[in-house]
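Each of the two complexes below includes chain A, the first together with chain B, the second together with chain C.
What follows is the complex of A and B.
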């Protein structure tokens, strides 16, 4: 929707969608700076996902994809808040066996799943 | 004062300044150097092909997503945000330097 839409004047989606996509990409890059697995890893995966969807021309479909991107941003925010909470808890509180076993079972998730 | 500008051109990214004091004296030459340094450090750009006039999309083979990242690097270097509609007009290092000159009131 980025490169292909510029070259094709007939069926290209409205330009404000394009600027929304660029703004989304920029926001995701800013979020990716704190990513636990590293900025480069995040950036490469993000770019490949965007490039994979770059052929989409239908405006509704594009809006759905933008919505997905914004969901990923929310997930990242939640991930970072959780990490901060855990870091502080680890620093200032004694380890309690009951709560540790209860909270570390399912969540050693590292990444919100980026589907598509 | 000659000494501070020499240190700046050697270190590139450190721009010492006091709040409310006069900012660093910027010249067009210094802006050229800083922008080219930032671009050379960008991993998607081949430093051998980089000149002031080289176009990002045509000569250096960057796509629009790389362009976004590149503008972010310039924003980080100079400490202010560049809005997306201005950013999409910046298609070569020369455009970037000219834009910075306009924003930072550098006249030479």
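What follows is the complex of A and C.
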């Protein structure tokens, strides 16, 4: 379904990679529940991206793509954290309150966008 | 109820036992809608998640474990059956075990911080934590009471609106930096103590799917208010819940005469 490993075993990627890809898909799908534009929007795009790359057979290429997927997971985590922090700060704290030096270092990153 | 901890150097001891409170609330990003009968807000089919300030509390407990300041971290939630999902998130973030005090649906809507703090106090009697960390307030009721009430019931010191928790200079107490109006206040509290978390205490980690799956293996105990001997009689009655009034558009005036004229029109000036 996600990867066409039905073909010749000589050119098929190793089975561990297949399960890694499936796990990546499941993890990304789980994270889609919190996506600002909605789960359906996220799921449709996630599905199409995985289908687009489903023909890739070269194990090195697959590892690169898995790496890219894991990077997206990190970006989403940062996005969710930043959104939540900003929403709470806006709701609970005075507008021109001086921000303390405390633990805001990593929260001041620019919100990353979802990459292909 | 008195619980005295061995005042040995914290770094040398086994580490603090931490109890963290988590509440299941409507997700912070959801647009809350008032029910047509004005009895409350719509919760059916609405996305719920852990109170953001409680996530910060859980994160702090896990970080204290990682720093070896704490030995064991236990999460507790008072709420409906679905609160188990909230506890599972806490376990996924690194909490060791969880306690669910299940509240029957009929009493859920009338549950107040006074009841929750009494339930937590009872659990503290048996669990004997060295530190209780709660979110400073829940984003649904915004009471900001449970931590303070719990400290009073247990006769423990409290450090609310914490933006930093660390061992004190002599390592026998906790040094807590608090966010107060006009700045920060640093106090030393002896343990056991109650601390409530403020926004800038830390940035909580995301509970990823693999961690959620692993969390299913961690112990989750169930308790009932009857077992704990706490009376859940409501002390308040909600008369009505309404949307905040719509802000009317303001009007710009060109001159002082205009302003006085408009004020006269509205009968605010003679």
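Methods note: the second predicted complex is superposed on the first by the 91 of 116 C-alpha atoms of A that agree within 3 Å, B and C clash if a C-alpha of one lies under 4 Å from a C-alpha of the other, contacts with A are read in each partner's own complex, and residues count from 1 in each chain.
The definition used in the following text is that contacts are C-beta pairs under 8 Å (C-beta built on N, C-alpha and C of every residue); 3 or more make two chains touch, one makes a residue touch a chain.
On a predicted model such as this, the values are computed, not experimentally measured, just so you know.
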So, A:50: does it touch chain B (first), chain C (second), both, or neither? first
Which of the two, chain B or chain C, is in touch with more residues of chain A? C
With both complexes overlaid on chain A, does A:12 touch chain B (first), chain C (second), both or neither? neither
Is A:88 in contact with chain B, with chain C, with both, or with neither (first, second, both, neither)? second
Going by the contact rule set out at the top, does A:26 touch chain B (first), chain C (second), both, or neither? both
Once the two structures are superposed, pull the chain A residues common to the chain B and chain C interfaces. 23, 26, 30
Chain A-facing residues of chain C, complex: 28-29, 52, 139, 163-164, 179, 184, 199-206, 208-210, 212
Per the touch rule, the chain A residues reaching chain B in their complex are 2-3, 19, 22-23, 25-26, 29-30, 43, 47, 50-51
Can you tell me which positions in chain A touch chain C when the two form their complex? 23, 26-27, 30-31, 34, 36, 73, 77, 80-81, 83-85, 87-89, 91-93, 100, 102-104, 106-107
Along chain B, where are the residues that touch chain A in the complex? 63-65, 68-69, 72, 84-85, 88
